[in-house]
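Sharing a structure with you now.
In this document, chain identifiers A, B, C, D, E and F correspond to the written order of the chains, with residue numbering beginning at 1 in each.
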Amino acid sequence: MRIHIINPNTTAAFTHADLAAGQASASAGVVVTASEPPEGTPSVESHFEEAVAALGVISEIRRLEGEPIDAFVIACFGDTGLAPAREVARVPVVGMTEAALMAAALVADTFSIVTLPARTRIHSHRVVRSLGLDLAGRCLPIRAVDVPVLFDESEEDAVLKAILAEGRAAIDTDAAEAIVLGCAGIGHLARPIETELGVPVIDGVSVAVGMAETLVRCRLTTSKRSSYADPPAKTLSGSFRSIARSIS
Amino acid sequence: MRIHIINPNTTAAFTHADLAAGQASASAGVVVTASEPPEGTPSVESHFEEAVAALGVISEIRRLEGEPIDAFVIACFGDTGLAPAREVARVPVVGMTEAALMAAALVADTFSIVTLPARTRIHSHRVVRSLGLDLAGRCLPIRAVDVPVLFDESEEDAVLKAILAEGRAAIDTDAAEAIVLGCAGIGHLARPIETELGVPVIDGVSVAVGMAETLVRCRLTTSKRSSYADPPAKTLSGSFRSIARSIS
Amino acid sequence: MRIHIINPNTTAAFTHADLAAGQASASAGVVVTASEPPEGTPSVESHFEEAVAALGVISEIRRLEGEPIDAFVIACFGDTGLAPAREVARVPVVGMTEAALMAAALVADTFSIVTLPARTRIHSHRVVRSLGLDLAGRCLPIRAVDVPVLFDESEEDAVLKAILAEGRAAIDTDAAEAIVLGCAGIGHLARPIETELGVPVIDGVSVAVGMAETLVRCRLTTSKRSSYADPPAKTLSGSFRSIARSIS
Amino acid sequence: MRIHIINPNTTAAFTHADLAAGQASASAGVVVTASEPPEGTPSVESHFEEAVAALGVISEIRRLEGEPIDAFVIACFGDTGLAPAREVARVPVVGMTEAALMAAALVADTFSIVTLPARTRIHSHRVVRSLGLDLAGRCLPIRAVDVPVLFDESEEDAVLKAILAEGRAAIDTDAAEAIVLGCAGIGHLARPIETELGVPVIDGVSVAVGMAETLVRCRLTTSKRSSYADPPAKTLSGSFRSIARSIS
Amino acid sequence: MRIHIINPNTTAAFTHADLAAGQASASAGVVVTASEPPEGTPSVESHFEEAVAALGVISEIRRLEGEPIDAFVIACFGDTGLAPAREVARVPVVGMTEAALMAAALVADTFSIVTLPARTRIHSHRVVRSLGLDLAGRCLPIRAVDVPVLFDESEEDAVLKAILAEGRAAIDTDAAEAIVLGCAGIGHLARPIETELGVPVIDGVSVAVGMAETLVRCRLTTSKRSSYADPPAKTLSGSFRSIARSIS
Amino acid sequence: MRIHIINPNTTAAFTHADLAAGQASASAGVVVTASEPPEGTPSVESHFEEAVAALGVISEIRRLEGEPIDAFVIACFGDTGLAPAREVARVPVVGMTEAALMAAALVADTFSIVTLPARTRIHSHRVVRSLGLDLAGRCLPIRAVDVPVLFDESEEDAVLKAILAEGRAAIDTDAAEAIVLGCAGIGHLARPIETELGVPVIDGVSVAVGMAETLVRCRLTTSKRSSYADPPAKTLSGSFRSIARSIS
């Protein structure tokens, strides 16, 4: 089985980290690969960048069409491009955010997301709401550290401290019983944060790989009944033609 | 005051219809203009096409940056590209779907959307859910006629009959008290359908122009506090560079 | 076109302020008029007063029946008497609260109401809930300054400071991106508060006039299908007979 | 202990029926009395009539202020005037609708309301929504027989049959496990309907008396903390002055 | 009429307190009795103990099958074993939690639960959610004092103070207008807490007896239509001895 | 890695089927084992049987305490005993229902459960609601075939046809895009049903094993922070023998 992780942004260092996380959590015999689109945005922290990166996700899926891939994982918090990816791909697609939220719901009654920067809370909330976990009282208010996704390495200590502070507030004030890390770029901090906070801390990439494996082993793939049916055959125009070509 | 309507798809006939609808409902002295992106998809009826069209919406807003426009209206059911448009534009942006739902809520307790084709119900539902109108018991289950957005003119009679049938079912079975037409391309049918059904029938483009005017007159524009702040300055790569240039 | 604003309470100074706000935001050629019921309560800050004022709203609509009015606006936070007004009027009726909430949803992802006095939060919440904006995570907890609606002019500075404090708490603690002012009597403070807070601040009367205009231009009026059908012909008794006469 | 039932409309025959229902279900030693306002509307089947009847409810409570009453029951589906009654009364007030819904929730997982006429579904829904029973999946879609509240006695058989048909549809189609009768005027049909349908059928007046008794015995009364505090002392004007007098 | 209170745990002192509360609030001529299962857990503060105690509740109902009991009340916050009890009993069954929440909704717009220990908030929340009172904005976040149910008598003063502190926070911070005490073991503190806090404070056992009476007088009992039908006739196996051994 | 499936009922044939399903979907090198409690109920189709079976689940976990098990799967629709199991077990526990719903949400926008018998819909709904998937509009109304869990083998064809009919109704009437099979006993029918219906059909046992593996590989286990902390040390009394006698 081969699971391919798509990093929606163009920062190769993130792709490497995603790949490491995915390989560490994949089961025996499962090949994990990863790539990022050649063009796009170095990080996704606005709706504008999300729109740009969604095209990158689609184009990666089309580029890899001939390869023996059994499922895709999208490795960006907010699940950039997940819906079109489900239409375009012939195999199941799992978003790291939805996977992280599901894993949290399997190990805790209540949980919080700690994301970054603050403006991206709306992207996290969209996924939470699409599952109903806010209305069910499971996912508590989303917390954020207000630094850019591509914060400088020298700031990592400060960022870690800020995440810990938000995590503690989630636990003490909101009664959270687990924490979801709201950014693929901080997944490697999951274990140290868990040690400090004493509750499960979830990195979405790792669990998304497991859930993708599960779908493959259970021979489940995206329903083509209506919402995620193949896009209708249609001639796109302009610079979108290369994407269009692979689809229609 | 000038309101500019962006048709997210590349079908100029739709742009003309949007413009006619907008001009008919605009108040005295308000100039309404309209355009569609030069490249993209001839209609939006999948997430993939939505991703393509969202880029078109953004690029139209950037292209028109220097022009004296007071507000934008996005004229595609599902409000394609609305969130990034709010980030990128310096003036308010109103989606035809959200505007239609709000107008419906102002004239009826309960209402239904009749959209097309069936697969796009998920796009309508996203907007309904973003306002809570489903949970409030205001917006009833979304109904659809399963023809493509670009159905042949010769089919218009059959489509009209099918919309009327769904509208009647919404009224009789679900107790709908108004109908929202779920496609910019059928806005010109609102009056004949209203006459047949005997309840208010809402075309989103018309009301969106009015709501955009309202925001302008009340000097209200998109909050730049967090979710819709200007996209962060960043160097995009590849064919996105031209869009990026105008933004960063 | 003529939009008539009904101030549900008997305080003429509020009617004048509503009229000024409405005229300032109306489009060219639209005549805005306003009135208050001759009898009733000087302000609405309890369910009891709401019951009294609702009769006043109905009786104003009946009194003005012969006049060439195209839409009514109800200018009291909580939308006093809105439902019966929709039954009784032959033209659309827009409440300042629903209009304010809709405008907020058009310019911000999340927003808060700052109302007064504290006991009226339940009236605001009723409108919020009727649209689902609380469940959608759009309208955050309602905040209040605990002074009477008819606070003394000498207290205006203190009230303004208290509103600013609540607004800042909404922004900083609850992550609000816009503020709705929860009282027609403080609408004139919207601009200074906006300047201080740096987020959109919405006065409902202004936007309600615009939304009423929109409905009129789009030839939309209250659905008479069921919930807001004309009240059944019936003989009322006692001092209600005069109201009854004009209706049945 | 004395429980006083207020029939919000002016039809004395309904008051007698309410009284009979209340006396039949009251516990030993509890005196049940009932009255209707001297002026108002013969039935409540619109928001307009609700506004009229709410004043009647308030004025009955004020008229009875000096009498040794321990709790009030409001006997009109939709709980006409309940909120102002809670402000004005010195003792607890129970609405027949909220009581019926609570009793239904105590004897069944899911239940439906069968009300009349169709236009009043919005009034029932308001109470359902105020408790959250719709969102909890407990109260299923409201069904209605479209006859006026004051249907002719000769039609009772036809009405009974229509209620049974709706009740059966609720059970068979919606999986309802109990039925709430949505009108005080048909409470006497509860037992025959129950026999036919084979599920609990709830008349709100009976259970409201029991719940009012419960509050009295447990020394619980309306919280005066905020939402239902006494109306502020204020001078009302015009024909409202007599009501005002007894309050301020 | 006879109402029988089942205390799901084995602590007889709690049964005595429940009996006293029930007798104090029962109406004239109603006999209140109470019992606890002979075997089980001395208190219920985990899901594990809830599973044990649910069996005790069922077995008490079976043991009392031949006695002339008209309704059961389950006297443990979280309503331990309520669903199976409804299946097994031939008479209505009322949980103290659901009854307390309903009583709170009859006397206040918003209310909070103060329970103990902290880990049992999930049990309270289950009942709140089953009615929808959280989504309706009626039941505010659940608060807790983190002491065991069987705290030492010498700690009662400290516990009382902690409950008062949480109650005040609920009133001042969350705008609660009433407080529900989330444990049968502290019901006797309801009156002193109410005096201190100045809002209604609800003990579930008292109100549950009244609601059970109400159902009996109105001849309402559990619907046997589907969810709570008698358990299917079936041969269970074993003696549960091994279970007992492993858990005690 | 070893995943142990607990079949909460005493029917060994179900355990064998669960084991086969789990082994078929487990990844290479993962050992799957399964057991049922030696005593209890042959199937779970009422709350009463659920109470009995929950004790069986707990006792199996306790019995297996010393064995090198990495995660448990509970193989009964409704997730019998899941909450106490999470308290008692030292390793993660996954319910087949929650896992099935999550898998459905990963491959379809909307989906339905087809369960059996009809009375167990409430058990399914409890899990749906605990995740919020009903309020999110993802999980549509639950459908049922009204046959006992232990239907006779000779009826399998009729049951299969009935499930197909409900599945088709879910797809055609409710717009479901996937089907969750609501009973461990019919998991082997998933593939033939999928072939007939043309949408993904999900058997919970298979996906639960995959999700349990995922948690183990990601080193995630039940949060012990509050809701699922170890049960407090406490001396339970009795042997439950009398309970056993009265219920069998």
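As a working rule, a contact is a pair of C-beta atoms (placed from the backbone, for glycine too) under 8 Å apart; a residue touches a chain by one contact, two chains touch by 3 or more.
All values reported here derive from a predicted model rather than from experimental measurement.
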item	value
Intersection of the contact lists for subunit B and subunit F	A, D
If a chain touches subunit C and subunit D alike, it appears here	B, E
Distance between chain centroids, defined by C-alpha means - subunit C, subunit E (Å)	43
Separation of mean Cα positions, subunit D and subunit A [Å, integer]	51
Residues of subunit A whose C-beta touches two or more other chains	109, 118, 121-122, 129, 134-136, 175, 226-228
Chain-level touch network, classified as line, ring, star, complete or other	other
Pairwise chain contacts, counting only pairs that touch as defined	A-B, A-C, A-E, A-F, B-C, B-D, B-F, C-D, C-E, D-E, D-F, E-F
List of subunit B residues in touch with subunit A within their complex	10, 38-43, 45-52, 54-55, 58, 81, 83-84, 86-88, 118-119, 121-122, 129, 135, 148, 226-229, 231-232, 234-240, 243, 247
List of subunit A residues in touch with subunit E within their complex	109, 135-137, 175
In the complex, subunit A residues that touch subunit F	25-30, 92, 94, 98-99, 102-103, 105-110, 129-136, 138, 171, 175-178, 191, 198-200, 202-203, 206-207, 209-211, 213-215, 217-223, 225-228
Footprint of subunit A on subunit E - complex, ascending	118, 121-122, 125, 129, 134-135
